[in-house]
Structure formats: C-alpha cells, structure tokens
C-alpha cells in the first residue's frame, strides 16, 4: 500500500479530458491550490467541475476557466468572476446551479453508497423542474441523486501516509464530503506525517477514502474579504 | 443558555412512560450507564428503546429489562441476554430487528432532516417484507424511514458546557448518530469542561444537537469479551 | 422610518436565550451587533461553524476561518467546526431556531424570492434555498419598496421563487409584519410612520387590526 | 481436508496489497493470522475502526476499544475511528475491497443464509445484511456439510436469506469454489480430498472442468 505521491503533477496525471471532478473548498478557503495549478499546467480539457464556487478571475478554478479547460460547472454560487460570466454568456460554458446543502449532500450520498437523498431545498422553484417530488409527514421533498465523479481533489491541513485527513477550521467545508464522494480521491495536505502521528479519534476523513496523498507547497490561501476589528 | 444539569436523575426526569428513546453504545461499549441507572430508579415503563443491542442480563439495557420497563426493542443484535429471551418468548417484549447499518443510518437521517434513505441491506430478505423497493443503476434498494425518537441518551468521553461532544475510540459507535437523531438529546460525559477547552476542530457532535449534559460518575465500563495477547 | 441598523436592532428583539441563529448577508448580519443584554445566542455559519465570533484584529486574520459571506471571522469559546453536509443537516433537522434573510420580494402567503433576477447575471442560490426550505422560523429583513418605489410585499412574487410559504415575519423600514393565512398582519409601525403609508406601500394583502403600536427600539 | 486455520490460511491468499478487509466472526477472524509476507492489509471493524490491531496485552486492555465481535483489541499506526453510519457508508460505497463471512448455507446463485434458524432464538442480523448487500467481493468461509452430514452448498437456501446473489467465492474444508452463473465452480481440492467426495457432498450445481489442482497452502 503506497498512497503517497511526490507532487500534484503525479497525483493528477491520469485525470483525462472530459473527466468529472469534485473540487473541495468554499470560496477560496480550503481549495486544492497545488492540484489546480497542476491541472492548468497539464491543460486537461472539457472538465465537468463539481465545486461550490468557481474561484475568482485569477485564482482557484478561475485559473482553469482562463485556460478554457472547463466545459461545465456544477456549483451553488458563482459570483466574483468576470471571465466566468463572459464564457457563460457566450455559451462556451455550461452551468448547473444547485442549492448548497443539496450539493453537499449529493457528495456525501456518494461516499455513503446512498444512490439518492430527499431534501426540501428547491421545492416549488425552478430547481425542482423535472425532478421527482415526494411528501413525507406533510412536507414535500425533492429526490436528488448522488454525484458520480471520476475524481475528487481535496485539500486538508494534515494527512498521514495511510490517507487519513484532518481539516482546519472552516477550510473543512466540502472537502471531507468530496473526499468520500470521488471514485479516485486525491488529497493535498499542508503537512504529511507518518502513519501513527495523527490521533485516531480526530480523523475527519478515514484513509480508506483517499487514494493518493502528497504534501503541497507554496499555499497562497488568498482571502476574498478581509474584514477586521480595529 | 444552560444545558448543564447536575446528574442523571435531573437529566431524564421528563422521560415519560411510553416514550421512544435512542440509547447509544455497541454491546456494553460506550453505553450511557448513569442514565440507564436513573431510568431504572425512576421506573419509567412501556419504553420503546432504539439501541444496537439490549445489554446483558445484569448490565446495560438488561437492567431495564429486569424491571420490565421496555415494551419494544429496536435493535440489530440481541444475544447474550437470558431475561430478554424469556420476555420475548412469553410475548411480554416486542422486538424489531434491523440491519446494523440501516439502524445507524436511520438515526443519522433524523439528525440530517432526511425523512428517508435508500439502502440495499435486507433486499430479498424478510426485512424487506412490506417495504418499498427501488432500483437505481440496476441495483435494488429498500426505502427506510428516519427514526422519530422523543429522546436520545448518549455517552461521550468529553463534553463542554455548550454541549459539544468528543467520543473515545470505538465507544463512539452509535452515539453521535443518536445524539443527532433525538428530539431531546441528553449526554453524559466522563469529563465536562468549560466552553473553550475542547478543540473546535475535534468536536464529533456539535452542541446544537445536545440539550442537556452532565458529568457522569462511577463508570463500570464492563467488558463483554476480554481477549488478550499473552 | 428605520435605517438598516434599526431594522437589525428590531429583529434582534426576537432573539431568545439559547437560540441558534443563522444570519444571512446584508442587514441580517447586522443583527449580531444588537443581541440584547443577558441573552446568549450562538451564530451558525453554513460553511461549517457554530459559534461565530466578531471580525478578527489584524494580527488574528486567518484565511482558513471565514463565514458564509467569505469574510474573515473568529471563533468563540465553545465553537465547533463541521462539514457543509452536517451544516445543512442541522438546518434541515430544525435545530437552528431562527434564520434571518434578506429578500427581493415576499408574498403574503410567505413565498420568498431572493436569488435571481431574470436578465441579470445569475450568481446562484448558495444556501438560500436550503435555508428557506428547512428553517423552522424565518424572518425577512428588507426594504419595503424597491428603488422604483414599488412594493416588495406582494400578493405574488414576480421574481423566481426561492421557497414557498416559508417566511414567518417581515421587518422593513416601515414596520413589523407577521405572515398569516390572511396576509401580512401589521404588528408595529416604525417611529413616525403612519398606517396609511404602510397601506399605500404594501401591494400584498395587509391585515390591520385595532390600534397599531409604534415600535420601541 | 482443511481445518479451520487452513481454511483461513487459504482465504488469506486472496488478499492483495493495500486491501481494506472486513472479517466476520469465527473462521474469518482467523484470516488475520495468515496475511502473507509483503502484503499490507487494513482491517475494518464495522463498529467504527479502520486499522484493527491484535488483542492487547493484559495491561493495555481498554473497554472503549473493541471489535465488532465485542472483543478487546488494539489500534495500529494509521488507525482511524468513526461512527457506525460512516462505517456502513464506506462498506455500502464499495470502499471495502473484501469481506469474509461465515455462513449456514450458500446457494449456487450466490444467495447466503447466515443469520436465523427457524425455531431457534433469533439474535439478529447485526451487520450481516448490510455487509452482504454492499460488499463488492464476498468470500464465505464455512464447513462443507452440517453436523447431520448434509451439504451446505445448495441449489437453494432453505434457511431465511441474508442476501441474494452476493457470494463470489466459497472456501470449505474440501475445496475452493467460485460462484458462477453455472453454479459452484470447483477451483481447488483440499489436500487428500477427491473430486468424487466433493461431488458427493455438494447439493448445488457443481462445475468441474478439467484437472482440478490440489490446493497449495
């Protein structure tokens, strides 16, 4: 068993044109910076990206959009990105907007082997168009399907050589759900430690879900809205 | 906001005859010993207990069975208990056997506000009798409903005054799922600390799910099968 | 007429001790500044935090610690982090006591529209649809009329819907309204605002019963 | 004929490096004692542990650390704990590479019965139904015949079913069998066991093609 790879380039080398990939992060918080850079370098095209957001013009998934690598975004919120808007309006980019909780739960469902889940989010809205509804205890729910992603790319704070992951603060967000949800899961971590150094009680993603892991470098961790108390 | 109560007696004082309660633990590991003792002392009757196991004759839920407090057990495995067997065969006790993963997921579903889940466990067996089935991607699943429990009683290792909980080792088991799943959740902990002492990254059950918490005492932590390497 | 801060302050009076509260972006965020004395409220941020604290001082800014509005924040003693599925799980399960949201339109049956304007770039619903569909108590904080002077309290939403029949209460610069089977029920007038003005600016069904007290802030 | 340990040893040869494995109670548990050199396998215990280690020494016994058979155990470097829902979630999602279970009966179409005997006290299925319905690769370890000398490899299970069409391979004291659309396909004979004996003791459809090699242990 050897899950450790040297770097992002090796980790993502078999991500092929047309693949469906989950990318962890909320806004620019907890995004897999190294893997995104490697995907940009590799130039993989026609990707379907499942990610809560689409980055900003010059960071995050925005970098992949600049290189026209993304065919479709599946997200809950895609503001703050002019190139995104341009590609969307020109018809170059397809976008599927999904309620945030539904997005999260559809990732989780894949990781739990649940083919579909019920959620009230979107009932009566255009999100419900063409979807099956069902009433439980007088409340209407939509049937939403588990995602089926070829790869998941996540960012964790610490990881060990068995693939166990621990996230930091709100950089957790979608990462553990996508780590569970991908058929092949690639984790980049700020600190990679030997098996046995992480507290087994404190693991957020058990290593069974992680196929490749590497220690990333040069994390920029850009802040979208720096708000301070003077 | 004051979730801290003095002891088990206070914590369980409004558990009424006929209530449906979830009880955490796997075998005798991680069971809420103090609350069970308080329920035995209080003598609450006609309880429906959702618990993976039913204890042994003289410990765990077995103590409640001795006092004829349980009307129905909803469990996955109920061996190792002669009084249980006697009450079952005499018709005094009703038992619903549920696959372990289904039991866990139905607790979780309640905590996630999901009215029902799909699982392949039990398809084609007597567990499926009268249940709705559905095929996804060529595989058949059963529709199983979220539990609706009046109370959940769980045991954690550490907890804080906000109700945040951390479990130890495999004493975690069903506890976090039931903590989420109860309408009123009561947590007994080995160590109760002031808010701020637990690492917010390491919380297993966020306090929002916990209504009452107290530091238990005199934990026996009985071992069912002590196996050792010489 | 209330300013934004006064709307937030009025909504803050709806808080009860021990409440778990989710505050949306805009006016709702300001509610945190007016939590009454003696009341402890825990703020939930749907990107995965219970116990959201104030903005950090310059030296405490942490890019890994943001709120759902992507602003840098802090934790408080007793905070807990979790993933986005559990975050919406606790919302869906009704564990969050109160949700305060902005809106573009509210209908007199509780429908809400707050995510999309046809013809404008659509940014997405974020967590809004999950919140409105799941929360057990939703208060909308918004301006009573739009920039063109048209009422935003309507018989029927004209914009794409975020959720059906979900809003329980509306607080605007003009007053406080419960959403009832008979429409918007006027509970309080903002200082200096007349019932007539509220009637004139409310397109949806409005219930005015008896003397309407002026709000105490 | 194989004894229980030899059955376990033969099954251990099915392990591959990096496998995540769930071992049931009884003979399956013994498989852990025969993991081949150079192969790293991670044992999953469905009560919430990945990386199950051996039994503890007397001074390391911890009542909070047990396996699904309720035996006291230890962790290993790289272990992780989780709750029962995630445990069955990873099983359901096909992340566990191999599951080894005991059985009372297996049918030649892969049906398995291993949880209930009518007329006897029913203890429950525990995690068996979840495991058999979810695992992508299930090997059954069992005795070929029951105490009455009747075959346990059947055309059709007579006992209540645990799962339908799920077993991939069966290892008994007599041989190794793949479950194929044509029935049990004999792959290997146990040392000293003849094909004739296997035919005589197998009630279900049995496929015997060409020379059947004797097992190498």
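The letters A, B, C and D name the chains in turn, as written, and every chain counts its residues from 1.
The rule is short, and it goes like this: contacts are C-beta pairs under 8 Å (C-beta built on N, C-alpha and C of every residue); 3 or more make two chains touch, one makes a residue touch a chain.
Since this is a predicted model, take the numbers as computed values, not measurements.
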Shared touching partners of chain B and chain C are A
Note: chain D sits from chain B at a C-alpha centroid distance in Å of 29
Would you mind pulling out the distance in Å between where the CA atoms of chain C average out and where those of chain D do?
-> 56
What is the distance, in whole Å, between the centres of chain A and chain D, each centre taken as the mean of its C-alpha atoms?
-> 36
Residue numbers in chain D touching two or more further chains are 49, 75, 81-82, 85, 89, 91-92, 134
Which residues of chain A are in contact with two or more other chains?
-> 105, 112-114, 119-120, 167-169, 172, 200-201
Pull out all the chain pairs that touch, please.
-> A-B, A-C, A-D, B-C, B-D
What does chain D use to touch chain B in their complex?
-> 45-49, 54-58, 61-67, 69-73, 75, 81-85, 87-89, 91-92, 111, 121-130, 133-134, 160-164
Which bits of chain B are touching chain C when the two form their complex?
-> 1-2, 110-114, 160-162, 164, 180, 194-196, 200-201, 203, 206-209
Chain A-facing residues of chain D, complex | 17-18, 20, 40, 42, 44, 49-51, 75-82, 85-86, 89-96, 134
Would you tell me which residues of chain A are touching chain C in their complex?
-> 26-30, 52, 75-79, 85, 88-89, 97, 99-105, 107-108, 119-127, 157, 167-177, 204, 221-230
Listed in rising order, chain B residues that touch chain A in their complex are 105, 112-120, 136-137, 139, 141, 145, 166-169, 172, 199-202
